[in-house]
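What follows is subunit A paired twice: with subunit B in the first complex and subunit C in the second.
Then we have the complex of A and B:
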């Protein structure tokens, strides 16, 4: 349904250029949750925004690649075409719950707005009272207890967890084929996070929508995703089924990420952190993880490692064969 | 925070409270008196216009001419012996109407030009804002004088002239607000819902810019009264014998300084209303930007 191929996005500002995404490819099918995992600055939010066509240009420039949604390239669409894809085609839930609802509109009005758009597209007459009934039903689906009461409130009168549920209810109301979720649970506490993830999974099973789930949290990705891609330096370093990647990471970066998760049950001494921090300079022609990699060798700097299939997934690391991008 | 919450917060400090009282009194009185005048003129029963007043604001009484302020004539009398306070009260609805229509018209035109400029940007912004600059560069009073001199001394033309010089500042204000609001996340969310641009502008941008607009427009009510009074002072308002604050101030100057009240009293009323609007607008800005 969604097929991203060779996507390359730069940010140009103040004379400098940052490669936010380099040759990123991935696909999402109906009813599938695909996770994008990476640390700050890895390009994961840029990817989410690019798929929703919300990147502001300038400074963002899509240099290469395509984002095909149901066969047509989103990145080449005219504004009027993109309007028709949004909502019922692609919907997005944002990272910061407190900014994603209009503070001047009641919850029910904002969800009803989405329903009105959907009705208009399917040429069904919009009926205010049945729409409000639907709003309450969606709010109940996302486990908002006193749905009738919450529907009447303004965003500042409800909590962050509730707003994220309202956003999910909006997604339900839009009935999109693809939902882009940019760290939807990051701003929430763990118990709320667990509840929302459960609702999330349930909704995906029921509606068969495809989900692009962006997170920095491997544990969250492990719970919710069917497949995942680990992003570093704007490149997909390792991609494949979630179980394979989490239980048997092949790329040194993925391994490093796994090692830096604290164990719940035993005291392992000091946590192993990946040394250094991401610096985008001078990475054009080498493995972008090489400057921080514990296993880095001379060969890592000979070129950009190509995606190599290893044990049911792809890895960009010369430890699995010295293949370089041409 | 509802309307009553805002009023309660305004009333908790002396300056905004004073402004609120002045503005409410001015528009409240104008509404009542204006309706009476309107009904009176529609039913050919003009005296209805002064049933609430002490005397007929039009009838001269030469024996009372140019009396100083006293208990029977709070602001004194003019050269024809008419009570100035009565004439000030009778003239209030005109000023209220002018200020409301001019500011309202400015907001309407300004939002239509400014919001697309800020939200869509690019060529739309260039065209709209250069068009605005064109009007902004033109001296306001001279344009108003020219329009009235061409089309005649009528209230409609005075209002029209004022709207033409009034909207550019609102266009700029709305553009600035649109630039701020369009980067907020909920606009992205609205876009993602599949709302077309014009719905986003109408349903999300305009309501979100109202906070800023309300306080600015309140201060502006006073400014528009001031400029309208200046037009009248220059002899471009509604024709005599209808009373008008600016023209009363102007006529009174012939009798200044010996019969100072004739000019100063209407001028004083203008000042009070303008300051009242400024105090209220200032208070509103504090309340609306502070709370939420």
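Then we have the complex of A and C:
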């Protein structure tokens, strides 16, 4: 359904260029949740925005690659074409719940608006009262207890967890084929996060929509995703089925990220941290993780390691064969 | 908790509430009552030198207010905070305790002046002390060394540093005055996991060398398990359970602690964590009785009527009627 090939995006600002995404390829099938895991600066949000065609250009420039959604390249579409894909084709849920709804509209009117758009696109007459019934039904599906009451409220009158639910209800109303979610639970408490994750999984099973799920949290990705791609320095370093990556990580960065999550007490010795911090400079022609990698050797700086198939996933690391990008 | 040793910091029955909205003259005439938010209700604990107490809770639980009360940035409505036998007073009222209690704030991006040189940011706590000139510079350099930063950062501005470096600068500023107690408010929540591990290791190293008492505020059970000697779990302003880290994390007694821990996604677990129903009620109109009762799967009639006391059970202090023998022995108590 979605196929991203060789996507390369730069940001140009103040005379300098930042390579936000480099040669990123991934695909999402119907009913599948694909996780994009990365830390700040990894390019994960740029990827989510590019797929939703929400990148601001300038400063962003797509240098190479394609984003095929149902066979047509989103990145080449005219504004009028992309407008018809938004909402009912691709729907995006953002990180900050308080910025995602219109503060001056009641919850029910915002969801009804989405239903109206869907009806119009499928050339079905829109009926206000049946739409209101549908709004309440969607709010119930995302487990909002007093759905009728919440429908009558304005966004500032409900909590962040409720807003993320309303966004998911809106997604149900739009019936998109692809849902792009950028850190949808990061701003929420863990008890609320657990509820939202359960709703996510449920509606994906029900509607068979594909999901691109962006998160910095490996544990969350492990819980919700079927497959995942680990991003570092704008490149996919390791990608494959969640079980493979979670239980047997091959890339030193994936492994380092897992070891960084505290799993012992201070009396058992220090945590295995990844040394240094991410610095985007000088990474064009080497493995982007080499400056921080505990296993780095001279060969890591000979070129950019190519994606190499290893045990059911792909890894960009020369420990699994000295293959470089040409 | 560790009352065997002479505790360095003691928090005794501390409460704090904030008034909300202003009462107009008409409201006064109409005898309309001022409304309050309870931030902290009856907190009790002790922390010894070289020990870490973790305050674990979600947003709105009052954990940050508790931290601010400890260092004297807020004044408690009732109760006492005692540092080596002497009561801690609000910062403005008491100058001799200056520098003995320090706080590291959650977001170093907003707690550090972006235009100040790191040298001045870190040295600022010493301005009112008798340390000056060369001795002051020496202390700042020492602090920068011990948080693992390169001395070259001293001439840079806070805004030029990365998130992890900023948080190290905040820690350096906290330790420059040789404090006894440091309150760390979510010290790693704004930085990446790979950097978090470095910062946590650094904090543990500092504590082992200098025997600081830490009060570490966090929402993350993983951070708590690495850092804590003891843990206090807060929900809506109340400490609902406290005890040693191992007991609280592995044999929690309070239904809220159990729910909090089971909702946290764990690496290498593929199933969706178990969720508790509902969301925390508004702090403004707290229900009477136990604050957790509306969401608690074990709630009994009494839970919605009056607040439970604190019960000692298997080494834990738990604020829950499930451990009140009188309530549990009443016929028909269990629901």
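Rule of thumb we're sticking to: the second predicted complex is superposed on the first by the 320 of 326 C-alpha atoms of A that agree within 3 Å, B and C clash if a C-alpha of one lies under 4 Å from a C-alpha of the other, contacts with A are read in each partner's own complex, and residues count from 1 in each chain.
Criterion: a contact is a pair of C-beta atoms (placed from the backbone, for glycine too) under 8 Å apart; a residue touches a chain by one contact, two chains touch by 3 or more.
The shown structure was predicted, so the numbers you read here are calculated from the model rather than taken from an experiment.
Contact with subunit B, but none with subunit C, is seen for A:84 once the two complexes are overlaid on the shared chain.
In the superposition on chain A, contact is made by A:156 with subunit B only, not with subunit C.
In the superposition on chain A, A:52 contacts subunit B only, with no contact to subunit C. In the superposed pair of complexes, A:295 makes contact with neither subunit B nor subunit C.
Which of subunit B and subunit C touches more residues of subunit A: that partner is C. When the two structures are aligned on the shared chain, A:174 is found in touch with subunit B, with no touch to subunit C.
Contacts of A:13 after superposition: neither subunit B nor subunit C is touched.
Residue contacts after overlaying the shared chain place A:114 against subunit B, while subunit C stays out of touching range.
Using the contact criterion defined above for the overlaid structures, shared-chain residue A:100 touches subunit B, although it does not reach subunit C.
Looking at the shared chain after the overlay, A:137 reaches neither subunit B nor subunit C. Common to the subunit B and subunit C interfaces on subunit A is no residue.
Within the complex formed with subunit C, the residues of subunit A that make contact are 39-40, 145, 159, 161-162, 189-195, 197-198, 201, 216-220, 222-224, 242-243, 246-247, 256-266, 270-275, 277-278, 292.
Interface of subunit C with subunit A (complex): residues 52, 58-59, 162-165, 192-198, 200-201, 204-205, 219, 222-223, 225-228, 245-246, 259-260, 263-276, 278-280.
Looking at the complex, you find that subunit B touches subunit A at residues 184-186, 188-197, 203-204, 207-208, 292.
For subunit A in complex with subunit B, the residues that touch the partner chain are 52, 54, 79, 83-92, 94, 96, 99-105, 113-114, 117-118, 121, 156, 167, 170, 174.
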